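These are the structures in question, set out in turn.
Heads up, the next two complexes both have chain A, just with different partners, chain B and then chain C.
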Partner chain A sequence: MKRVYANEKWCLGCRLCEYNCAFANSGEVNMVKALKGKPIFPRIHVDGDESINFAVSCRHCKDPLCVKSCISGALSIKDGVICIDHNKCVGCLTCILVCPYGAVSEGKNGVVQKCELCLENSCGEPACVKGCPNNAIVYEER
Partner chain B sequence: MKQYVIIGNGIAAAGCIEGIRSTDKDSKIIVVSEEKYPVYCRPLISYYLEGKTDLVKMNYRSSDYYEKMDCEVIYGHKAVKINKDSKEIILDDEKVIAYDAVCVASGSSPFVPPFAGLDTVEKKFSFMTIDDTLALEAAIDKNSKVLIIGAGLIGLKCAEGLKERVAEITVCDLANRVLSSILDDECAAMMQKNLEENGISFMLGDSAERFEKNTALMNSGKTVEFDVLVLAVGVRANTSLVKDAGGDVNRGIIINDKMETTIPNVYSAGDCTEGNDISLGANRVLAILPNAYMQGKCAGINMAGGDSIFDNAIPMNSIGFFGLHAMTAGSYFKENEGGEMYEEKGAGTLKRLFTRDGLLTGYILIGNTARAGIYTSLIRERTPLSSINFDLLKKDTTFAAFSRESRINKFGGAV
Partner chain C sequence: MSVEFLYPEFEVIRNDNRCIACRVCERQCANVVHSYDSDNGIMLSDETKCVNCQRCVSLCPTRALKIVKSDCTLRENANWKDATIKEIYKQANSGGVLLSSMGNPNPLPVYWDKILINASQVTNPPIDPLREPMETKVFLGKKPEMISRDENGKIKCDISPQLELSMPIMFSAMSYGSISYNAHESLARAATELGILYNTGEGGLHEDFYCYGENTIVQVASGRFGVYKDYLEAGAAVEIKMGQGAKPGIGGHLPGTKIVGDVSRTRMIPEGSDAISPAPHHDIYSIEDLRQLVLSLKEATEYKKPVIVKVAAVHNIAAIASGIARSGADIIAIDGFRGGTGAAPTRIRDNVGIPIELALASVDQRLRDEGIRNNVSLVVGGSIRSASDVVKAIALGADACYVATAAVLALGCHLCRTCQSGKCNWGIATQRPELVKRLNPDIGSKRLVNLMTAWRHEIKELMGGMGINSIESLRGNRLMLRGIGLNEKELQILGISHAGE
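Showing the complex of A and B:
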């Protein structure tokens, strides 16, 4: 299955992936309208220190702790992609408690958000990868 | 073809069904469900009262789940006996069901201390099941005064769920702090303050000595007038089936890393069990949903002839009230037990990390809980702190604290 992989050698730490992610999942058609002057909710997170940067998002684990721990049945695996039903999520944050990658976060309206590879939004493929200026994130089979 | 029986129909049972079906697609599975509902998300009953979910959304799995999993569910009956010699289960209607392997996922039951005069209280409820919740909901109105006995996870989530629907809520507990099973004094005080600011009243270090209809006479000599009483003192693992069949039982049904009880072909999973807590290095009842699922799945795989081990259970909880979240995991060893604590306090936030013998053994996070799973994973994986930059990681949950090599392992391929 294709997943998003970061290559820390190339990552500039510019955080464009965070903006592209938040925009793709905002439901807005205009980036300024979606992001300017607002709290943004990216599902990818640029981690690192002074010397190194890398983007972290859901690994779509084969045996995901978040799905097994979800108290509301909101997390499930569909064709290998770990999906969240925002309608069922109650925002208990148990998935954040257990995700070893720190890849699940609190989103808008008290529910949790995570990378679904842009398969559920209008982008259709990971917006973070598409917008990365340096090929520091790729979407591929490994 | 084999025949598998699952006693109970909660999250551990769902894990067991999914474990069996990952290994054996054809054999028969019979689920004995005392409650008359398909598997539902038990911890959501307080969210139901709060209006954050409804009875349909509370279903843990889709409406065609048992059909898809090819399971027969017997609703409204309970198993009363395991006959280990003939490998049969006896139900309360005397029906006999043969098994090749059985999983006891019987959960826990509310513990109600023998309060004097409790029988004079008209509106009293436990808070464990959908039926409890619907009965409680039918008994309250916006003028109700509610007394909740027990300031643990169940009692306090009940208080939060009821808050906007009743006039007054008082919570009492014999312990001198809230959430005493997962928080230390200072952390508990922080959560209590938030609950109080949101209109919940407390009487701690105090409990009802006796009841006279709508009055609780407290140990302290105080009295509390109430319309509705919720009993959330604690729960007890339902162990009798295995105990009566001669299996080892302590506070829960004793299981090993394969979820086997001491009786051949009898497995157990979920809140009824007692297994190894690796953060403590001792057995403990770990009645939390994630463990129930993981134990159930492990049991199911093994029942069906597969090979599964679940050997890194720890206590862990994510619990929020009125927007303030706390996450806790593992064990908190004190200085005289060889433990050390790292602490950070901020405005509305608190972090305590507990280490011992070069390992993270537990933590408490309040307010800022982002990426807490990175800490949880250090406890579950027993990661030697010498292999990472823990000085950096304790301040910030960053993977910069890990070696480049371990980052490549974590993020470079499918996991």
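Showing the complex of A and C:
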């Protein structure tokens, strides 16, 4: 299965991926309208310090702790992709607690959000990968 | 200094309706132009630091930024131009020699733009390169005067060593130190994929790049940085650098701040020490001395590799080239006054040397007149900007062209001409690790390959139009060129007729 992988060697820490992610999942067609003057809720986060950076998003684990721990059945696996049903999430945040990568986060309205590889939005391919200026995030089979 | 005489050269224009304060511009600017005002949630900019490299403009996700030339006007006149006045202020401030990067920016004639190329009509057919084979392969090196046969009548094939290029272009010398590891890797990988050569420049060859040796020209310059037996043997050819088009007559000075880690090891000099290349080679004060070095290098490489002698285009270039052609060198590389540099004194860059078009034409003619044109191949550089410049250079008599500025542009350079600061936001002319990694060689080499592939298509189209199907048939074919707006003397030196003649 194709997954999003970070290549820390080339990550500049510019954080464009965070903004492209937030935009892709906003449902808006214009980035300014989607993001200007609002708090953003990206599903990918750049971590690191002055010497190294890398972008972390859901690993889509084969044996995901988040899905096991979900008390409401909001998290499920569809064709290998770990998906979230926002209508079922009760905001207990257990998944955030158990995810070893810190890849699940709290989104708008107190429900949980996570990377779904842009399969659920109009982008069609991961927006973080498409917008990365240095091939530091790739979408590939490994 | 209490009063700042210089108003910033550029203005950073931010469209506040579009700016989403993502701070990408701030993170990407090594000159610290942009900053975030957290009290008001807006981006600020300090244009006094802006060099107009366009990194922020290119990465802004909402296209909220543009950099414009400031129209703040000094009371200039035809004699005291804006730039002249500002240079005076700078020197009055610093007391130092003015430094600049890249090639001569002044409005001196660009002869390529005053030369037109022929095409076939009616009496001789053009060739369609999409349907017919087209040869762009060239061989550089000394060519035999005549065919000779052994006692059995077989043709003797033991000619001097030759360089084979898939197209008549090579990447010219840019040292590791003046440009980054990733820039070098991009050039090396692209040259290998394209079947052409790149040039180490005078900074030695990083140990990781010995694997690209077949596509590498190793340079021996006056500083002799990183030169030893394995280095000479690693390359496909050895180049002796006598001069550089951007700064003829002077040496080089890579500041100690750039001599870090691998650069120090590759150059074989201590970390933090300035790398100073003397103006002359201290063992070359005549053509005879040059011949000695040429032969020493040939001896060291067992006569298996061609030796290139690179000189800047200066007034006496035809006589100099004639001397080099007799020195035992296989290839002469001539660098015109528009050639780029990582740093040169402004006065030298802008006032010393001659245009490559005139140098090439006069050298080719002189070598032909003296019957020694086949002794050497001619490579020209110094602002070859496009496929049409290449075609014109070949028709004027060159065997191949050196390109460097076009290559770094392909890597992302925006010609901001501040390489000497070491803060290249595009990861090219810098050694700062956080900036170097901005140039991913996977992307860089691909862009170089794209550029050269595009040029090769265009060269074939131009050749096809002339009814020529091999680049060898174009070389020195000055009948294919016409001048436009040139005077008699210029036409005479270029050896071409005026348009309409």
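The rule is short, and it goes like this: the second predicted complex is superposed on the first by the 142 of 142 C-alpha atoms of A that agree within 3 Å, B and C clash if a C-alpha of one lies under 4 Å from a C-alpha of the other, contacts with A are read in each partner's own complex, and residues count from 1 in each chain.
Heads up, the rule we're going with is that a contact is a pair of C-beta atoms (placed from the backbone, for glycine too) under 8 Å apart; a residue touches a chain by one contact, two chains touch by 3 or more.
Bear in mind the structure is a predicted one, so any value in this text is a computation, not a measurement.
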item	value
In the superposition, chain B vs chain C on chain A residues touched	B
Partner chain in contact with A:C61 - chain B first, chain C second, else both or neither	first
Touched partner set for A:W10, first chain B, second chain C, both or neither	second
Partner chain(s) touched by A:D47 [first = chain B, second = chain C, both, neither]	first
Of chain B, residues touching chain A in the complex	15, 41, 43-44, 47, 52-53, 57-61, 289-290, 293-294, 297, 316-320, 325, 327, 329, 369-374, 376-377, 381, 392, 397-400, 404, 407, 410-415
Footprint of chain C on chain A - complex, ascending	9-10, 12-16, 18-20, 23, 31-32, 35-37, 50-51, 131, 133-136
Chain C residues within the chain A interface of the complex	17-20, 22-24, 27-28, 41, 58-59, 61-62, 64, 433-434, 437-438, 440, 442-443
Interfacial residue positions of chain A with respect to chain B in the complex	1, 3, 5-6, 8, 47-49, 52, 54, 56, 59, 61-62, 65, 68-69, 71-73, 87-88, 90-102, 104-106, 142
